[in-house]
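In the two assemblies presented below, chain A is common to both, partnered first by chain B and then by chain C.
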Partner chain A sequence: MPLWANPRVGLVVLLVLLVALFSTIRPAFLDTRLTLTPLQSDISVYLVIGLAQMSVLSLGHMNMAVGRMAATSAFAMGLVHHTLGAGLLVSLFTGLVVGAGLGALAGLIISRTGVNSFVVTLAMDFALVGLITILYTGVVDGVAFPTMPAGMEALRFDTFADYCAGEICGPRIPLVAPFALAAALLTGLLFRWSRVGREILMTGSSPRAAELSGIPTRGRVVQAHALSGLLAALAGFLLAANNGAFSAGIGDGFLLPSFLAPVLGGTLLAGGAVSVLGTVLGATLTQVIYKGLNLLQFQLDRLQLYIGLVLLAALSLDRARHVLAGRREAAP
Partner chain B sequence: MLVAENLVKTFPGVRALDGATLTLQPGTVHALLGENGAGKSTLVKLLTGVYRPDGGRITLDGGELHLGGPLDAQRAGIGVVHQERNLIPAFSVAENIVLHHLPGRAGWLDRARMRAEARRCLDLLEVDLDPDTPVARLSVAQGQLVEIAKALSLDNKVLLLDEPTASLTGDEADRLYTVVRRLRDSGHAVVLVSHKLEEVFAVADTVTVLRDGRSVAEAEPLAGFTQGQIVDLMVGRAFASIELAERTVGEQAPPALRLDGVSTALGHRDVSLAVRPGEILGLYGLVGAGRSELAKAVLGLERITAGTVEVHGEPARIRNVGEALRRHRIGYVTEDRKDEGLFLEQPVTRNIAVTVWRRLARAGLVPDRRERALAETYVERLGIRVSSPRQLAGQLSGGNQQKVSLAKWLAADCDILIVDEPTVGIDVRTKAAFHELIAGLAAQGLALLLISSDLPEVVVLADRIAVMSDLRVVGELDNDHDYPRMSQQIIRLVHAETHVEGRVSAA
Partner chain C sequence: MKRSPFLRLGIGAALISLVATAGCTRKSDNEAATASTGKGPDQVKVALIPGGAHPYFQPWKTAAADVKTEFKLGDATFNETSGWDQTKQNDVVKSLAAQGYNAFGIFGVAPENINSTFEDLKRQGFPVASLASCPAGDVNKADFCLSTDVEEAAYKATKAAIETIGGKGNLAHLTGNKVDSNTQRRIAGVEKAVGETGGQVKIIQVVTDIDTDLQTAQKAVADLLAAKGSEITAIVNTAYNPAVASAEGVKQAKLPIKVIAIDDDKTILDGIKDGSVAGTVLQNPVGQATVGSYGLMKLAGGCTMADAGVIVDSGSFVVTKANVDSYETDRKAKTAELRQAFDSQYLTCR
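Entry: the complex of A and B
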């Protein structure tokens, strides 16, 4: 395959071009404190939610409830802190368990009933929307928890530059970034080298052949969905850290970007193949576009229109490149 | 007259055709022969507009033919049965058969006419199938019959058949060839791709042999060759037939796999079979006899309603293939490689290693190196033709796909192996090698249940032969490897049963 036919290369090129464009028009785009650090926080959140969607795309499934799984998990984190006074790690852990549990439940329903994942998770999304409202009104009589565990403030405002060993301080990278990076590395490891991850991909490639090769396909479906829920919970946590509160609105804007990042990065909707690196690039690209247009002071509705157009162009380019590559191969 | 001259077709890393020439006269049956991966299917696809040639030209009655797609070929009167199934699973048999010329009235589908047309095509082949059955519910062989009926439904001057009888038994193949002869006598030209040389010699008039994408014999009268000469041409050197390993079956050893009075939800009644270690039990029957379904019931994929399954003398309740593989060391090589045997979008390495990842893994991680080494061992051992072990399974020729589907079960290192039509679509040389391999496995003490519709294969390999008909075992014979006698006995068993039932049932 020629180098230019690799979707990841196209993304990198596009990314470089856009950064050059934005920083020429608005030099402030390269300002670390104003733009780059917040940009990294945003990328972290959308990378993790992209990974959450990617985990089930690997099966050829969808998770339409990523946003609400994130919200429910965030509620759980807020709740254990609010009522039991739990610290940061205990809260995070509880949230991750709740997220994984919700995902596993979706996976269980899908594998037991054979109902399409789109339908199951969409129904789950509806149910959770209602549940979240009830929970927040019941517990805090509002839409957000008033307090956060100690340390969340640091996650929100600090960068590694605030931590120095003698004279040497860290780079201006927000503290949330390593969470996302770790999630990406572990997910990559899972799908690339682990037996379970590969079996999930094989199940996505052909469920029937997977079953006849001795792969416990039902278990793999449940595990992939549990992973999706777990990552959604992590994304919810990171967004809460960025926003400064566990609130009912967490995850409202997750659904579309969750698909964009992996799909731009070359993950197939049909299942059987994923790309973590592509998802990283896809998430970065979407957030760069968002930030850039924002700096150029587009109004929000216009902003969304333009983002839609840019993404459409990016996807068409991708498709065109694919077709061209195919022709080149057919006629050497 | 259809002529293909010096056709060239290249895929990444492979030159599938490299100057192939085919001359097709009306009123003849033309055999197109060659080893697995020689380029036969690629040639068929060029002639039917599936691929476009990179070089050479195709002419029909003197005029050059530019085929932009399959529809162009259809308009030019070229019908085809491809090696791989092309039916739409959700549609009915009738809808599939008349798909390209759906009878309509004022924009509405004329269902009655559609059904009648489908019925007519099925009757040509004497296939007893309800035209309203969804294709998803058909067995592999039934699907193949529908595919052939579909090609017959168009009035074509040229008919290309790419291994049409690969999964059919003798009777069904005979009916197909009756139709083929009738078409030839009315002036049609038929191309027949097949690895079953007996059939080829019985029906074809002329022959083209492909080797490595080139024609090494061009439209020569078949009568001038012996089967041995044709095989030598395909292989490119003198081909010595293989002697099978001598085996002794431990008479007193307890059966490795025993079925006792098994009935299933699908309608199998009171099936009893036993295979001992080191033994090959052949399971022969017509299409629809329920052999594959019986195997699947043993593996827990179909429900067993009565009777017992014993593995090495212990009652076993197997729920899925994973359990069969890991707890009982039973493997099952499926007959349906495209849907059940292979991951077409995945590389050959993963297709072979999938059953043994557990063994290859270190701390849950599978090193690429070990996986690749394993795959390479089997690529070499079975002579699988790949441009690299990373090549996608779906890009291999049909016979090479079959080898991959078998390789993963050889790698799994089982005690009991159920092989379902293991040599479908495999060339003569490799088939002999496969037979040697299977006999070798038995000699090592494996218990083999060989499901096959290939009567010579069953008689060559099996120690005992069980005959199934209509979801029951109708007889079991000790095999003395005397083909004329054994085949007669077996066919008599099959037909005794169907006469009682009143008619040949394909359902």
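Entry: the complex of A and C
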């Protein structure tokens, strides 16, 4: 495939153009403290939730419960801190285990019953909505935990610029960003280099062919869904850090962005191919658009209209490029 | 896929350049903190930010334009794009700050963790007011909270309902989002008034989560009237959409139910005039926006709060057929009184 037909290149070009456009119209777009640093925090959250969706898109499945898996895991993190006084790492670890467990459960139901992943995870989402409300009212008599583990404040407010070695301080990158980068790198390595990752992709590409080549497809389905749950839990944690509380509302706005980032980045809804780098770019693009339009102070209806239009344009360009590349290859 | 290592390199390079340009100083925090004091009104740019689009906040839009001319502010804007999502609202707030807005009147989407948003703004030296709703719990990290005392308003509404049904009967209470702490306080206010009747009045149904839009509320009211229409003697509404829906629903069903509404939608005011709505409890959105902006302007000008985080009731007014034409006078009087109270009581100016 020629370089220009790579969807990632298109996204980078679009990104550069949009950043140039927004910062010309509103120089405040380049304000480090008020725009760029918060933007990186937002991208971190939406990148991780995009990766969570990407993990099951690799199978050609969907996870409609990403938001609620994040919320349930955030509840678990808050709970171990609230009742047992657990620290940051223990809380985070518990939440990740809960997320992975929920994902694995979804995967197990899908692989055993053969029911469509859309239906299973949608049902799970409904069940978890109710469960979360019951759990929060039961434990804290409200919708958020009043306290957070020590260190969450630092994750929320600090950037590496606050940590200096002698005279040399770090860049203004929020502390949550490395979590997202690590998640992206590890997911990328998994799908590119590990046997499990390749086998998940093969299962997604053709379950029957994979089965016949001796791949334990059921196990791979469970593993991919567990990974999705784990990443959703991490996204919940990062959002809780950004927002300043483990609350029931975490994950409410996760569903659509979770599809947007990987699909913009060239991950196929049909399964069998993923792009971590594309997901990074997709998440960045959507957040840049959102931030830019916000800075231009569009009123509500217009804001939504333009977000829709810009995304539609991005997807159409992508499609056009794809068709052109296909024709070129077909030509003698 | 083959080329992606190069792209990764590209991203890496972009990140490094970002790092290089972002620089690393700790000075900016201090700069911002000192920059907030001693501004003249023309340097103050007020942003009024509701939790999302809702008819209640529409008066804020005109109020923003009015305070800009009345107080000669640098600017005053109204931004309702938060979409009832705390994450989005935080984003809207930061975007406005990046554009030079330096005083914030906010209706927080999530009362449970809005304090962290307030803290964030205060750290950067911006005066902040919590308008139309206070943070949940006992702590308010904004400079002040100017809102309807929702428990008191719900109490007043229920008292009015009990009075119109002659102190005896069955009530239904229709309200908003159950997991919102304000809703819990409204429910408490209704229960308090009912408790005072010593068992003469009973609450037979509390319907929550129907303030999202009018359709949801209309459907809930239709269901309620079909199931229990004959048992209910009065409906107390403590949220906007259910109020409009139950005023219409009861009128259409021709049931002898007394409706106590909230706010002053045209349907409700017409209902009061033709007798299908027994009364309504008004809040003071204009007062919240104007007096809130006034307080913010003073704080930006170097005044401090006498009692940081003080909670001020913006007033609630019971309106029945008797005073339906004159209530605006009362409300304006309350707004003027609030502004005076800020000068004489809540603010300390050098």
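Definition applied: the second predicted complex is superposed on the first by the 329 of 332 C-alpha atoms of A that agree within 3 Å, B and C clash if a C-alpha of one lies under 4 Å from a C-alpha of the other, contacts with A are read in each partner's own complex, and residues count from 1 in each chain.
FYI, a contact is a pair of C-beta atoms (placed from the backbone, for glycine too) under 8 Å apart; a residue touches a chain by one contact, two chains touch by 3 or more.
Bear in mind that the values here come from a model prediction, so they are computed numbers and not experimental data.
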Open item on the list: Given the alignment on chain A, is it a clash or a fit between chain B and chain C?
Closed with: fit
Open item on the list: Taking the superposition on A as described, I'd like to know which of chain B and chain C A:Pro216 touches: first, second, both or neither.
Closed with: first
Open item on the list: Contact-wise, after the overlay, does A:Ser194 reach chain B, chain C, both or neither (first, second, both, neither)?
Closed with: first
TODO: Examine A:Leu309 and indicate which partner it touches, taking first as chain B and second as chain C; both and neither are also allowed.
DONE: neither
TODO: Considering only the touch criterion stated at the top, classify A:Leu21 as touching first (chain B), second (chain C), both, or neither.
DONE: neither
Task: Winner by number of chain A residues touched, once chain B and chain C are compared - done: C
TODO: Using the touch definition from the top, say if A:Ile173 reaches chain B (first), chain C (second), both or neither.
DONE: second
TODO: Name the contact category of A:Ala182: first (chain B only), second (chain C only), both, or neither.
DONE: neither
Task: Once both complexes are placed on the shared chain, angle at chain A toward chain B and chain C, C-alpha, multiple of 10 degrees - done: 140
Task: First, second, both or neither for A:Arg208, with chain B first and chain C second - done: first
TODO: In the overlaid three-chain picture, find the nearest pair of C-alpha atoms across chain B and chain C and give that distance in Å.
DONE: 10
Task: On chain A, the residue positions that both chain B and chain C contact, one per complex - done: none
Task: For the chain A and chain B complex, residues of the former touching the latter - done: 189, 193-196, 198-199, 201-202, 205-206, 208-216, 272-273, 329-332
Task: Residue ranges of chain B in contact with chain A within the complex - done: 10-12, 51-52, 54, 301, 320-322, 324-326, 332, 334, 339-346, 350, 354-355, 357-358, 361, 364-368, 408, 412
Task: For the chain A and chain C complex, residues of the former touching the latter - done: 3, 6, 8-9, 12, 26, 28-29, 31-36, 38, 42, 45, 133, 136-137, 142-144, 146, 156-157, 160-162, 164, 168-173, 239, 242-245, 247-249, 252-253, 275, 277, 280, 290-291, 294-295, 297-300, 303
Open item on the list: Residue numbers of chain C touching chain A in their complex, please.
Closed with: 1, 3-4, 7-8, 10-11, 18-20, 22-26, 28, 32, 53, 77, 79-81, 83, 85-88, 90-92, 94-100, 109-110, 112-113, 115-117, 119-120, 123-124, 136-137, 178-181
